[in-house]
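Following this line, the structures themselves.
Common to both upcoming complexes is chain A, partnered first by chain B, then by chain C.
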Partner chain A sequence: MSFRTVSEKYRERALAGVLLSPALLLLFIFTYFPMFIAFRMSLYGGRRGPGPWVGLDNYREALTSPDFWMALRVTAYYVLGIVPASLALGFAIAYGLHRVGPGRALLRTCFFIPYITSTVAAAMVWRALFNPRYGVANQLLSWIGLPPQRWLLESRGVLFLLTGGWIPADWGPSLALCCIILFDIWHLSGFMVVVFLAALQAMPRELEEAARLDGAGSVTLAIRIVLPAVRPTLLFLAVAGMCKTLQSFNSIYTLTQGSTVLPETQTLIYYAYAQFYEFGYWGYGSAVAVILTVLIIVLTALQFRMLDRGRSMS
Partner chain B sequence: MSIRLSVILIAVSVLSLETACRRDRGSFLPVDPNAAVFWDRQDTQSAALMRGMVEEFNAQSRLLPIRWEHGGGYAEIFRKVSAGIQAGLLPAMAVSYESMTSEYIAAGAAVPLDRWIHDPQVGLTEKDLSDFFPATLECNRYALHGNRMYSFPLAKSVLVMYCNREVMRCAGIQKAPETWTDFLEACRTIHQATGKAALAAVPDCSTFSGMVFSMGGEVYDGSRLQYDGPESLASFSLLEEMVREGLLSLAPPGTFDDNIALVRGDAAFVMRSSSSRTYLLKMAGEKGATLLDIVPIPQKNPRRPATVLFGPNVTIFPVPEPQQKAAWGFVRWFTQPEQAARWAVATGYLPVRRSALTHPLIRQNWDTWPPNRVPYDCLEFARSEPNVDGWQQVRVLVERALTEVMSGTRTAREVAEWLQREGTRALKRATQAEGRPGRDDRNST
Partner chain C sequence: MNRKIPVALSRMAWLRRGRTRRGGRQFWLYLGLSSGALLFCWPFLWMISTSLESFEDAVTPGLGVWPASWHWENYLETWRSSPFPRYFLNTFIVAGTVSAAVALSATLAGYALVFLHFPGKKLAFMLAVGAMMVPFEAIFIPNFVLVTRLGWYNSLAALIISWCANGFSIFLMRQAFLAVPFEYYEAARLDGCGSLRFLFRVALPLVRPTLSVTAVFAFLGSYNALLWPLIVTADGSRRVVQVGLTVFTTESGVQLHLLMCAATIVMLPSVLLFLLAQRAVSDTMMATGVKG
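Let's turn to the complex of A and B:
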């Protein structure tokens, strides 16, 4: 290796270092440093201030607390309610738009608008729709002869309500959580539509044409040909959607008016927030936040592995 | 090698930054070094009046100027102060409920005010102190923290019942009910005559405390919660019965849907803070004075009445002394009869000193609309809620229990037992986290 080549290599590295350093600095100050502080805080007791060193007691308390497991269960309902539904809806709409000729850009904008609307502003409108006394939702129910519901105040399970009490009230997600899930599906689908549409437009036309010549119908074409072709996008959206949903806070906070009254609407991140800010258990709240971070990392790693497998298959 | 070096560099940077950010517990930097910042909840008209009064104070004071800032509602201010405690940066003072102040004390972020109160130059004389309604001072003493005053009353309000006279007249009811038995009967009559749910209510912890007090009970006796007591159970049972008979309409927490229902004639009764009357009258417009009435909440025994006392106190934070002194100076000035009367007439809050009641502005206010006097009469028998550590969490649990009963999803007995159990657990957890023995432990030793 010549002296010139070695010198160029170091120069390139130096340039890369210079270019990356502002982003790394910001990442360090606003992400890794707070993460370290949160972890350190999770090893201490006390309320609203540094208390005594308690080691892993906060983690032990969390993992043995029924409230923590309740929040984890709510989180699971929340993620499983939003991600598959918004993926399916996003794909269906994108596929429809893909086949539409004129007006595609306008329709795409229409579907994307919910995503770029402020979560808080949109959630406030939805909260008004679900108002048990003056909301539109109950008015719609009354027009079709159904009894009014308490919507965001209803702690009982939606399965219990649908089956008239056959299924226990604490099975499945509560009606209040379903209202929040519905809002988030509406909000997130627009993003899915745009990304799916980009993937569909990048797909080789020949694939579809060949399948059509072989006699494939629209449904078969969508499921057997198009869906496998956009599998990497699907997996990417599943990972992004899951991370976003696990970290989702604004919609729950706004729809419940910042209330911590119903544990049936408290996801892990909201539970950590309530313990930290509302009740002052800084160490415990931080421990829950650290557990959530680990959970997100593990689930993301698993999905990335699937993504890699998807890429190699496609 | 380079990876190892990077890891070492990151670790060293994190630790140095962490050391640089570390501060002593109990010391805070002021939000503004040149002023005493006051985080308040007042908005719109009352905010304009407060701003004007602050300017008036600043013009005549030799202390640091007060800088008034709207900080959102009580809950938002509480969250902001919590974040400020974490950041080590606080205003000079903020409005707070007792349960919030006890959380600030736990963080070493509240200044005991006894020193300022008894200061020979800027303090209050014995005569001044005896002019305060005793309950307004007592609720600011924190028994678990040496019985010191960590907050000071700014203005107060009491739980009262608002009535829609038109709905009552439609049902043939001439007089607002005085006892809970009469109240239930009145609600039944209204429901039968109009088909409306007579009471519109939000699940609110303070309102429930007022109900328990008026039933002759307590929610906390100084060592133990009393939610499984007969008075608490009677209050839950009353709500349960009203829900079962369609007499109660539940409004979402944090909303004013109950007030809207009252003014629109969708409900006959609402239980709310006396400070809501300005807002209700404004919402009702021209007909407000004839449409609405204010009465004390129903009682078990009207000869021994009780209601709940709430309304803003002020907590002063451990910022440098000039800020603290200016903050105390403003609080002292604001509670004087002249200022207190002006504030009370304009906002619906109640003055904390008896001598303010003789002020011409207050008298004129009573003459203009006689129901204005009712909250002042209630001040004599109003009691505050507990201010023990962990009460903030108990409030959430009470509201959860109320939502369950008022939704008809659980029975009164079930929620009373659940609340007693979970509330006790919450208080015990708070005291243990503070490093003090839990109440159960203390009782056993």
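Let's turn to the complex of A and C:
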């Protein structure tokens, strides 16, 4: 950089400032600054506006409220129901697509469309499919001789229904939640397929060929050779999938809206939204949002560490 | 969508003729993948078919994706029964502006982060990309308050301005600019080309695929958003289609065929846009290293 004079150096700095300022200013005003405000708001009481200072009372209230723990449990079922299943499904489909010849792009599009399309519109369709009166789901049950279900309106546990009442109704996820989970697996898998496929295509060909010459079968090859090779992608998708799921609002809102929302389908984000927007508890809603944010950060860090350790062991 | 399946089937017939073991395996692979693809797309086929049926046929449960009788007038009725033209106008204004603004802010920032030398470059990069980690639920309440204080409640500005920059887009554009050889920049500067001129004349044409992907992602994100428009808009004149669609359910009651028309109409622009940009999207995903 010997050709640069001193004035040019300052001009370059000024230019960098001008180019960066729109993006960074917007991020400061609408992302970083609100983070601090959220924490500050969570320390105040009152409804639909700034209220009196209450310190950590909102947090204490949340942590002692059965509704909060219910939402936390629902969130756990929700994330654990969606992320591993869509990862496995996404990998299986991507691996299949990786090994077919012509038509790959076409098939990939079919799997990807649920992800790129409007969640609200797609959820409308699924609501109709699960409708107790005219939905296809009950039609399918009647064909195999099972009694109709209430699906998205069913607050009783899926284990209770499957075992015919052996397991208490409040154990495990409700049937309504399982329907939402099924929708989200369908919705999220396409994203996993596309990212996995990109990683598989970037993988060196010799790796697979050498293993096949050594006589490895398709399944062995997939699990022993291919999966470790795309481990970084797996890590990325596990974290991204978890973050997406923890923040998922559209599907739950659309699938359950219109009827009274069951506490059995309220995840933390929905709980925060309802407390803030529907009941007007700004401070309390913020406290729940802050707890959720901390949860996301901690879980992400944990996941990175776990998967990293897994790599060093293998 | 439904045209894809016959294509896959004809390919399978071609494969079956090859008698190698590999050919047989490919046949089963195609069969499995095509049935999977059909299963994934079936809700959409069902939606389109139901949208064209009469009310009685629509509420008769069935797996079929072929209407008994065709009622194209359903679409007209849906379009007229709710202020969809208004919703679409709002949505396109919002998503179009957001998309253009995100493309611009991300291009400028990404370019500065790659080609310019200035103190604090690393910090600027971390701040830009770190914004990706901030979950939306952490900030939607304060942003709502902020936007209300600014007097933007129930205005399109509230839907646009807070979304005009995001970390992911800056990251994408930076990755794309990194692939532009730095020698080009040095050579151009030696020839007396200004830094901004280099950006618009040389660098930007080279990263056009990524730029279009950035714009498409921003458009789709804005088009499909629900929570934010739901809380900052109050009435029909400012509503976007996603909110309009959720309202339509309650308004239309059990008019299932009309509801499916509305869902189809709302899906159409996003699916079309994606199909148009698909090649660029997959190229970008490969090139910018989602792999690591």
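Going forward, the second predicted complex is superposed on the first by the 279 of 314 C-alpha atoms of A that agree within 3 Å, B and C clash if a C-alpha of one lies under 4 Å from a C-alpha of the other, contacts with A are read in each partner's own complex, and residues count from 1 in each chain.
We adopt the following convention: a contact is a pair of C-beta atoms (placed from the backbone, for glycine too) under 8 Å apart; a residue touches a chain by one contact, two chains touch by 3 or more.
In this text, all values refer to a predicted model and were calculated from it rather than measured experimentally.
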Fill in the blank from the handout: Of the two partners chain B and chain C, more of chain A gets touched by chain C
Exercise for the section: Could you say whether A:Val125 touches chain B, chain C, both of them, or neither, answering first, second, both or neither? Expected result: second
Practice task
Look at A:Ile296 in the shared chain and tell me whether it touches chain B only, chain C only, both, or neither; answer first, second, both or neither.
Solution key: second
Handout entry: First (chain B), second (chain C), both or neither touched by A:Leu20
Key = second
Practice task
For A:Phe249, decide between first (touching chain B), second (touching chain C), both and neither.
Solution key: second
Exercise for the section: Could you say whether A:Tyr134 touches chain B, chain C, both of them, or neither, answering first, second, both or neither? Expected result: both
Exercise for the section: Report for A:Tyr277: first if it touches chain B alone, second if chain C alone, otherwise both or neither. Expected result: both
Exercise for the section: Name the contact category of A:Tyr32: first (chain B only), second (chain C only), both, or neither. Expected result: both
Handout entry: Doubly contacted chain A residues - partners chain C and chain B
Key = 29, 32-33, 37, 133-134, 257-258, 277, 282
Exercise for the section: Mind listing the chain C positions that touch chain A in their complex? Expected result: 1, 4, 7-8, 11, 25-26, 29-30, 32-34, 36-38, 40-41, 43-44, 46-47, 50, 58-63, 104-106, 108-109, 111-113, 116-119, 121, 124, 127-128, 131, 133-143, 145-146, 161-167, 170, 189-190, 195-196, 220, 223-224, 226-227, 230-231, 241-242, 245-246, 249-250, 256, 259-260, 262-264, 266-267, 270-271, 274-275, 278, 282, 285-286, 290-292
Exercise for the section: Going by the contact rule at the top, pick out the chain A residues touching chain C in the complex. Expected result: 1, 3, 9, 12-13, 15-17, 19-20, 22-24, 26-27, 29-35, 37-38, 41, 93, 96-97, 99-103, 105-114, 116-122, 124-129, 133-136, 138-140, 186, 189-190, 194-195, 198-199, 201-202, 218, 230, 232-233, 236, 243, 246-247, 249-250, 253-254, 257-258, 269, 272-273, 276-277, 282, 285-286, 289-290, 292-293, 296-297, 300
Problem - Contact footprint of chain A on chain B as seen in their complex - result: 10, 13-14, 17-18, 25, 75, 79, 82-83, 85-86, 103-104, 106-109, 203, 249-255, 257, 260-261, 266, 389-390, 392-393, 396, 399-400, 403-404, 407, 409, 426, 429-430, 433-435
Problem - Residue ranges of chain A touching chain B (in the complex, touch as defined) - result: 28-29, 32-33, 36-37, 40, 45-52, 131-134, 150, 152-156, 169, 257-263, 277-282
